[in-house]
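Same chain, two partners: subunit A is paired with subunit B first, then with subunit C.
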Partner chain A sequence: MKSTGKILRYQLRDVIRGRWILVYTLVFLLMTDVLFRFGGSGDRVVLSLMNVVLLLVPLVSIIFGTMYLYHAREFIVMLLAQPVDRTSLFLGLYGGMAIPLAGGYAVGVGLPFLWHAGGGAGSALGVLLLTGVLLTCAFTALAFLVAVLFEDRAKGFGAAVLVWLLAAVVYDGIVLMVVTTLWRYPLERPLLALTMLNPIDLGRVLLLLQFDIAALMGYTGAIFNRFFGSAVGKGLALTVLVAWSVLPLLVGLRRFRMKDF
Partner chain B sequence: MTSPERLPLEPPDAPAIPRLVTSTAAIVEVTDLGKSFGGLTVLDGVSTSFAVARITAVVGPNAAGKSTLIKAILGLVRPDRGRIVVNGHVVTRDWDYRRGIGYMPQAGHFPENLTGREVLSMLKHLRGPSAELDEELLDAFALRPELDKQVRTLSGGTRQKLNAVIAFLFRPPLLILDEPTAGLDPVASGIIKDKILRCRESGTSVVLTSHIMSEIEELADSVVFLLEGRIRFDGPRLDLQRLTGHQSLERAIAVLMQGGAS
Partner chain C sequence: MSLAVTSSVCLGLLIPFTVGMAQDIVVQEGTSVPTLGAAILSARPGDHIVVRRGVYREPTIVIDVPGITIEGDSGAVFDGEDAEDVLLVTADSVTIRGLTIRHVATSYIDDRAAIKFQEVTGCVAEHNRIEDAFFGIYLAKSTDCTIRHNVAIGRKTTETKSGNAIHLWNSRDVLVEDNTVSGHRDGIYFEFVTGAMVRRNVSTDNLRYGLHFMFSHNCEYWDNVFARNGAGVAVMYTKGVTMVGNRFEENWGSAAFGLLLKDITDSRVEDNVFRGNSTAIHAEGSDRIIVKGNEFIANGWAVKIMANSIDNEFTRNRFVGNAFDVSTNSRSSSSRFSENYWGAYQGYDLDRDGYGDVPFRPVRLFALLVEQYPPAIILMRSAFVDMIDLAERVVPILTPETLVDEHPLMEWRQ
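This part shows the complex of A and B:
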């Protein structure tokens, strides 16, 4: 991995100079600022931002991540003809994408909280920022996995959108179906497990539990509250979110090392 | 190198013609290289060697396996079988041997928002400290004024020139040039051809592919002719012309292609 830093340095420069990362940051900046101006307190702004963040961050990360790797293909060939090992290159490229995306998000959401003096949204804002950053890392890793698995760009984009749809929309539908068909049975624990498996759902639960509305979720909410309130629950949730970055990245790296260019 | 006797032309369905030169030292040795992509055999038992301080042209029709052979030498393609030795290093997962190779791909693609200067400094960083750089082409192509522009504003030809500069920059003992003059104007391709010839004089080994026969006639000492993943001819260029009984290389190659197709 000795060349990762060198590659990262130039890739970062390339990505940050691209206008789209600026646009991405500005979208979050404007949205957060407007929510504050409509008279929201810090907590309410976080709550309003939640759903946008949970949908937009994974979508942008997976689409831009896939696009970026396909676009860099010829340059990857050029770099692989240099004395560079494939692991360094892959990790350098990943960092070159994930860091600007996560940074753009954090700056866009974080700055308005600073100049509107936060409104006492301390821990909720912290969870929102952390969730967004981890989701960025996870979906950029998934994007890289998709781009390495599919030689064909059109198929790759299709797969990327499908992964996002699955995680953001279809998964909830399946969970809901399970709940409605098996409503006679105590489902709290299986539901907890199902929630843990999807990074977007996990992010949503972690955020909701920051607010009093968790009490409105009834018995399930109480179980969730107790589980994610405990140190074990928090640790496990964080581990799963991080694993969603690490595992796709490792599988992608394995394929990248075997790949023919 | 010019032996007086006429060599008989082999019948088209005969196995590959054995190599005619074995005396010189080799910088690249390829033994029984095989590669297929999804059931399609691209290289089928290719064995050859590229001599030190010689220019070898790898020729053949489209999809004959030229690029795959070159990419296998660079470690970009992992062969199914066979062995490649570059400058004494067996090509496996090891990657440091590429320090000794300058590669010019068919088309240059760089990160669009970087400047030419940044691309060059990135490569210098990746290579680490090296002896004096060869920036001759930078001046010959009058490229210095373009170096501070972002790559996306550069024309295809200018990018290709930048590509050429990169291949020669580190004075590698082995140059691998994939259609080096494609997309360049006559002046620029003249410059690059002169540079290739001068590099050979100073002991650099060169492997190039080209579809331009006059260029191969001008440059190549040896020719490796690939057809459907097999070597059909491997030897001095002049032997190829003599072998087929044709004075021009273009005709000689055409005879080989037809021979292989029937």
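This part shows the complex of A and C:
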């Protein structure tokens, strides 16, 4: 495990030297700041950022994550020739990717809120930051899983985009289909379960419930509100979001340890 | 008692001789007329009763002498002591002015009010202040009355435990203006009222409705403010309603409406402002309503119009920043939308005649889906929903074909 730290440190330096993380941070920084200048209050900025964050963060995380692991192939092979155990290496690589991405996001979104004095966004900003960071971790883990599973880069990228498309867009189509076909039944609880299963949907609903537009969501919204308002609901939501990072990472790690380079 | 008998006997004898010779009666603690009740006993028609400063605790004061004026100095307070009605007016042409009335107890049997007018004409209640009352000003079977410049602040408990601030039942030709009411069940409540004019009132923070009426034909509502009421404004089973220049604001909640129209026909809703309501206008079974020149800003739903509403006309309204501009539960619609300004409109105006060259369809597919399958609302702000909305906007298949604004305005002026 000592080597994890070493690898992590090296990776972080490498990522920062690569400068793209600065661009990533800057994009969020500019976007948030511009929204503040045009939109005004903190709550509205969070609401506007929501859609961007829910789409962009997973997309960038999964694409960059996949790309990064394919790029690092020679480096991995070289390191594996050294007395470094595979678990440390894999986790070091993962940390070296997920930490700068999450950090860049948090800094990019958070700083403008600091210099605009929060704009009165309290808990909504907290949920936005937490959701973004956890989505980054989850989709970087998925990226690593994809990159480990597919030897072929083209296939790997295809799979990565597909995973993102499924989670960000197609999944909601399936949810809508379920609603329109089974609407005669009480659907609130199944919908709650369906929402919990997809990290992006979960993030979206958690964020929506922070705003007063939750009142538009009628009976269904009230059920969701009560569930996510309770300690059990909050704990479960957090667990699911964390599980979306941990599970793909564990599966990826298993494959990585058995992989023949 | 003997005084009372004597005075009423004298009264009967004197009336023919004293017409036009109104006297002033002063009510003051520690004098020969220590209570308003005593003053009424000695009053003759047309008298002017002045209530001096002080807190008066009396059983229900029945005002049965016609034509008298009761005027309170500042600090003239009637404490209902949680008894029954405080002032009960049963004679015509009585004016009650400048009194403060507080504490009227909740009753589940009768409608106790601070000031109740029962079967009278020509009554006036003005510049009164009513605090912590069950019902505030209550008119039953009364005509040609004026309720003006009163303030009623309720105790804001629960809907069942509180009454209405201004309550009119079975009355005609009443003027209700410049009143400020809050904290009651309904701010202004009409049932079987005709020909009333309601203007410049402020009805806020009531538990249920800011304004609520049923079976009250041909009434007019001008320049009122209805804000932050538990369920907004709901009006029902009425024809010939005129609502102009009112503000419906911040009636927010899953069961709150800026303006709920239920079986309202042949009416006008013009130049009002709807801001920050979860549903600005909800129309159900409402026909031939002209909705013109209104502003819909930052509402959840600006207009929810059910398919059982026909022949309504929406023109020259402004829709800006609403989550849903128009929503309906049917694929066919018989209401017309024309020449409105739509914030979401993305068309252009090449011939510069002020109207967009491309028709605007205000009903999003998602709005229709939510109306038919309410749980679908959970997909709000999902990327998928934005995509199908876009697709539907380009090639409309499912959204109501007839619900289209052929001439959307490029700019909006009141």
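Everything that follows uses one rule, which is that the second predicted complex is superposed on the first by the 260 of 261 C-alpha atoms of A that agree within 3 Å, B and C clash if a C-alpha of one lies under 4 Å from a C-alpha of the other, contacts with A are read in each partner's own complex, and residues count from 1 in each chain.
As a working rule, a residue touches a chain if its C-beta (ideal position, glycine included) is under 8 Å from a C-beta of that chain, and two chains touch if they have at least 3 such contacts.
Source: prediction; values computed, not measured.
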{"item": "When subunit B and subunit C are modelled together on subunit A, clash or fit", "value": "fit"}
{"item": "Partner chain(s) touched by A:Asn51 [first = subunit B, second = subunit C, both, neither]", "value": "second"}
{"item": "Partner chain(s) touched by A:Asp85 [first = subunit B, second = subunit C, both, neither]", "value": "first"}
{"item": "First, second, both or neither for A:His116, with subunit B first and subunit C second", "value": "neither"}
{"item": "First (subunit B), second (subunit C), both or neither touched by A:Asp172", "value": "second"}
{"item": "First (subunit B), second (subunit C), both or neither touched by A:Asp201", "value": "second"}
{"item": "Superposed arrangement (fit on chain A Cα atoms) - minimum subunit B/subunit C Cα distance in Å", "value": "36"}
{"item": "Contact residues common to both interfaces of subunit A (with subunit B and with subunit C)", "value": "none"}
{"item": "Residues of subunit B that touch subunit A when the two form their complex", "value": "37, 71, 74-78, 95-99, 101, 103, 105, 107-114, 118, 122-123, 125-127, 150, 166, 176"}
{"item": "Residues of subunit A touching subunit B in the complex", "value": "3, 6-7, 9-11, 13-15, 17-18, 72-75, 77-86, 258, 260-261"}
{"item": "Subunit A-touching residues of subunit C, taken from the complex the two chains share", "value": "252-254, 256, 278, 300-301, 323, 369, 372-387"}
{"item": "Subunit C-facing residues of subunit A, complex", "value": "50-51, 54-55, 168-173, 175-176, 179-180, 183, 187-188, 191, 195, 201, 204-205, 208, 212-213, 215-222, 224"}
